[in-house]
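Look at the two complexes coming up: chain A is in both, with chain B in one and chain C in the other.
What follows is the complex of A and B.
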């Protein structure tokens, strides 16, 4: 049984502007100790997915409108508030993007970590303090005894993220969710923090989900990657496989829009034209159709489901041997993926169907 | 040579010593706030030491010494009954401070409870409480206080309660606003994600961070409260005993002799003005020094 089993998760936000279709039926599984990257651009639903798993969606706007989340066999969505609270911190912990604002400014580091420990475990002050020192040592904060009484503002950004990691790992959770853990940090610190995260979760056998918009962050870290777009998972594969054989037009686009230092000089960056779809409209057809150079007629009307890339492959949903799956009617060939554009003779992306005035589509048309 | 001398000098890093010591250091560098602080310390000192410092008792009358101008014997002169005005102003400070501080603390407690409930629980509780607060806020402060005293009757406790109810809505609003902002703040969400309970979130993570504006507002409201107490006293709604050395009540008596003995009005009015200015300056200074964004 998988540690985490998310099936057909649907999350919507009711706002004054209408309903935001944030997550539109996401399914994935995670084995104990596995590392998973969740990649996509801002607003694609990657953070919302994880907030929903922890039942931390902002109330009353955010609602889980469908699906199932099983953690360790327990139905998270059916739990009472106090049961979820037990889960948080002890079983699933989370690290947030901005270490500058994720620590309480009026409490010392000691108070915050000790409090987290004692919220879930019966432990004396002295023992909790001892454990806090060990934790700080573990995440590489020099002279932890002397830093206990420090306030968050007396730490640098990288150090604060280390403190956050110490807090998150204090109760040895089975799953750690890191939401853009390095985005707010210096490039030089980023690698250190990622390294630390990877090392500690491996040592402790903690499963790790890294949410990021940066494929570079997850490249060397995760066993598996889910690429998300507009509230859907559009491609999922073991990390090496994904980089070796990117197969969804969106993944191909992502890879071609990252400058590579090692590539030849005339390597062209191919931006993904247009913008993500308006999440206020219920999705019709493939969400990426308007920006896709490979789209067919049916892409406008029919949303492809996640299917194994190699037809007939046995479906494995977790682990390093997971089946490479994509949601696409017309996947790019290996050569096309390499070039970043369709190469088939005479192929043109299908125009938007009549009646659908889509500026984005027209922009893409004009560009090709 | 000079270069060597300079580099050899030990560099002392300016270490931050926590919110309060930082704040007090900034406060002491702020000139107007310092003036306010001096005024308030004097005011509080006078209030506490009145029985020791005052040359006469507040009720001590002297036949034949009516309406004397200020002089060596009576620093602020005397009133109609020959009572020493200096002593009465000092004892008045005691009353103003006592009533003012207790009333503001009561307001802070009431407002704090309402604000925490509204901001902490949200939803329907929030709507009901806040609409009530809106109604109270719509009534001019002094009018509300007059109404409450008319309803409860005259007396020291009633006076405090009237002032407290008048200002509680301001604190409730302020606290609720801060709590709402804090509820969405990263560290509160982070604490929730680590399994902190709702009560703990409120008590440990949200309230301490919402305290600063409340402290500032309480100081500023103390100034207004002192003026309101005097105002109610002036309207005859102050302490039930008309002999009480309450500044507002004293003004009523003094008003009749505005032309013959203006010194009474001058000194009593001056005391009210100076203490109000003191709390205002201090409040503004606190706001600046407690706000980390204004950190220099």
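What follows is the complex of A and C.
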């Protein structure tokens, strides 16, 4: 049994502007101790997926409208509020992008960590304090005893994120979810925090989900990656496999639109034309069709399901041997993925049906 | 493309050789004051503290560094949003550091800026067309009809439909807004564009659109860019030459290629090593140099070399006193490659330099200076095999001797 089992998760937000189709049927599993990356751009549903799993969606706008979430065999969506509270912190912990918003500014670090520990464990003040010092030491905060009485604003961004990590790991959770943990940090500080996060979760056998837009971060940190677009998982594979054989046009596009430090000097970036779809519209067809150079006519009407890249492959959903799966009617070949564009003679992306905006054609016309 | 703004005469031969921009000893300090009624001067943030560099015509010069290093302040001083505390900013032969009034306005026609946040930098109550034409209004260029022509000319140039001029900023996506920002910067047909983090507020898939647009425009219009960013991968991609900034000082200037293959300042090496690479095989092979602690405050920068408090090389060399007492000058050690480090010669050919640049390193060799706290990812190993220098035939780095100040 997987540690985390998410099936057909559907999340929508009711707003004055209409319904936001944030997550549109996401399924994935995670084994104990595994490291998974959720990659995608802003608005792709990666953070919402995670908030839904933790039952932290903003109410009343955010609703889980379908699906199932099992953690350690327990149905998270059926739990009472107090049961969920017990689960969070003890079994599942979280780290957010901006540590300042998740630390209480009027409490000292000691109060916050001791409180976390004592809320879930029977422990004397003195013992909890001792453990707090150990935790701060573990995350590399110099002179932890002296820093106990400090308030969050007295720490730098990198140090705050360390305090968050200490707090998250205080109760030895089985799963740690880090949502853009280093996006707000400078690159040298990012290196410190990623290194720490990787080391501590590996040593402690904690499963880790990293949510990020940065393919570089997941490349070094994860065993497996889910690529998300417009509320769907469009590609999933073990990390090495995904980078060696990117197969969804969106993944291919992402890899070609970021400059690599190792790139050849004359390497040209190939941008993904257009922009992400308006999530207020119910998805019709493949969500990436409007921006996809490989699209066929059916892509406009039929949403492809996630299926193994190699037809007939046995389906494995977790671990290093997980099956490489994509949701695409017309996947790029290896050569095409390498070049970043379709190479088939005479192939042209199917034109948009009347009434649909064709971002790709617009970009070509504008000569950009 | 024909501009509504009359074209400039072609530069004479002597002018063509002269750098477009020459920054010499630029300092921008901000005063810190205390007290509400009686303000007292208690110190200053030395955001930019004596930097010099040149921009050649038609090149892209990248300025990279972490937040608070002074890179944006430098950009803003060059377009004269800030008045420099000291130093010269020579634009096309004229010192603009202290220009005022009409002369300053005139200079600004030739130096334009692209801002980071495409949401904050466009007035929500103005149409795209009036935003783009605003510089023409301010400088009183052309008739109303000329300006409309110019708008219709600029929109397609930045990849937007010419009919979009009547729309308001909220009707555009982030990437499209940044295109409007680019069009506004181009309206006056400037020579130099200062782009301050022009893509960092955009989604990954959109960033490449803007980078490609900027490159294409440069080729077409002969623009010179000062490109300011924290992202070394982006800077490296777009720049011909790069300056690395730390705490108000430049620590290294090199061609994009040299910085990537033979960084000579310990900070540049660490910065390169910290950039995550979207390739798991490289990520696993290479080792990060994890710098200790945070960037010190620019209000009280460390004595001597400003990087000495976090320097991995200084530690390895047994903390030489010189680093904390004597500020290293930015010296040209190789042609076109200047470094401000007393011990740059020790960086050249070091294991760290090789690891960062992704070259193969003898298996036995691991970075020295690793300690038990795991600050360096590699296991500590005292025996460091010197690694063969990157390219055969590369000039040998001479021992650096910085003259005392």
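The working rule: the second predicted complex is superposed on the first by the 354 of 368 C-alpha atoms of A that agree within 3 Å, B and C clash if a C-alpha of one lies under 4 Å from a C-alpha of the other, contacts with A are read in each partner's own complex, and residues count from 1 in each chain.
The working rule: a contact is a pair of C-beta atoms (placed from the backbone, for glycine too) under 8 Å apart; a residue touches a chain by one contact, two chains touch by 3 or more.
Fair warning: this is a prediction, and the values are worked out from it, not measured in the lab.
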item: Room on chain A for both chain B and chain C (clash or fit); value: fit
item: Which of chain B and chain C A:42 touches, first, second, both or neither; value: second
item: When both partners are placed on the shared chain, which of chain B and chain C touches more of chain A; value: C
item: Touched partner set for A:90, first chain B, second chain C, both or neither; value: first
item: Apex chain A: angle to the C-alpha centres of chain B and chain C, given in degrees as a multiple of 10; value: 80
item: Partner chain in contact with A:140 - chain B first, chain C second, else both or neither; value: second
item: Which of chain B and chain C A:106 touches, first, second, both or neither; value: first
item: Which of chain B and chain C A:17 touches, first, second, both or neither; value: neither
item: Which superposed partner A:271 touches (first chain B, second chain C, both, neither); value: second
item: Shortest CA-CA distance between chain B and chain C [superposed frame, angstrom]; value: 5
item: Chain A to chain B touching residues, read off their complex; value: 54, 56, 58-60, 82, 85-90, 93-94, 96, 98, 101-107, 115-116, 119-120, 151, 153-154, 164, 167-168
item: Residues of chain A defined as touching chain C within the complex; value: 41-42, 140, 156, 158-159, 186-192, 194-195, 199, 213-217, 219-220, 239-240, 243, 253-263, 265, 267-273, 275-276, 291, 362-363, 366-368
item: Sites on chain B touched by chain A in the complex; value: 16, 18-19, 122-123, 184-197, 200, 204-205, 208-209, 292
item: In the complex, chain C residues that touch chain A; value: 66-67, 156, 159-161, 173, 175-176, 203-209, 211-213, 230-234, 236-238, 256-257, 260, 270-284, 288-291, 294-295, 358, 373-374, 377
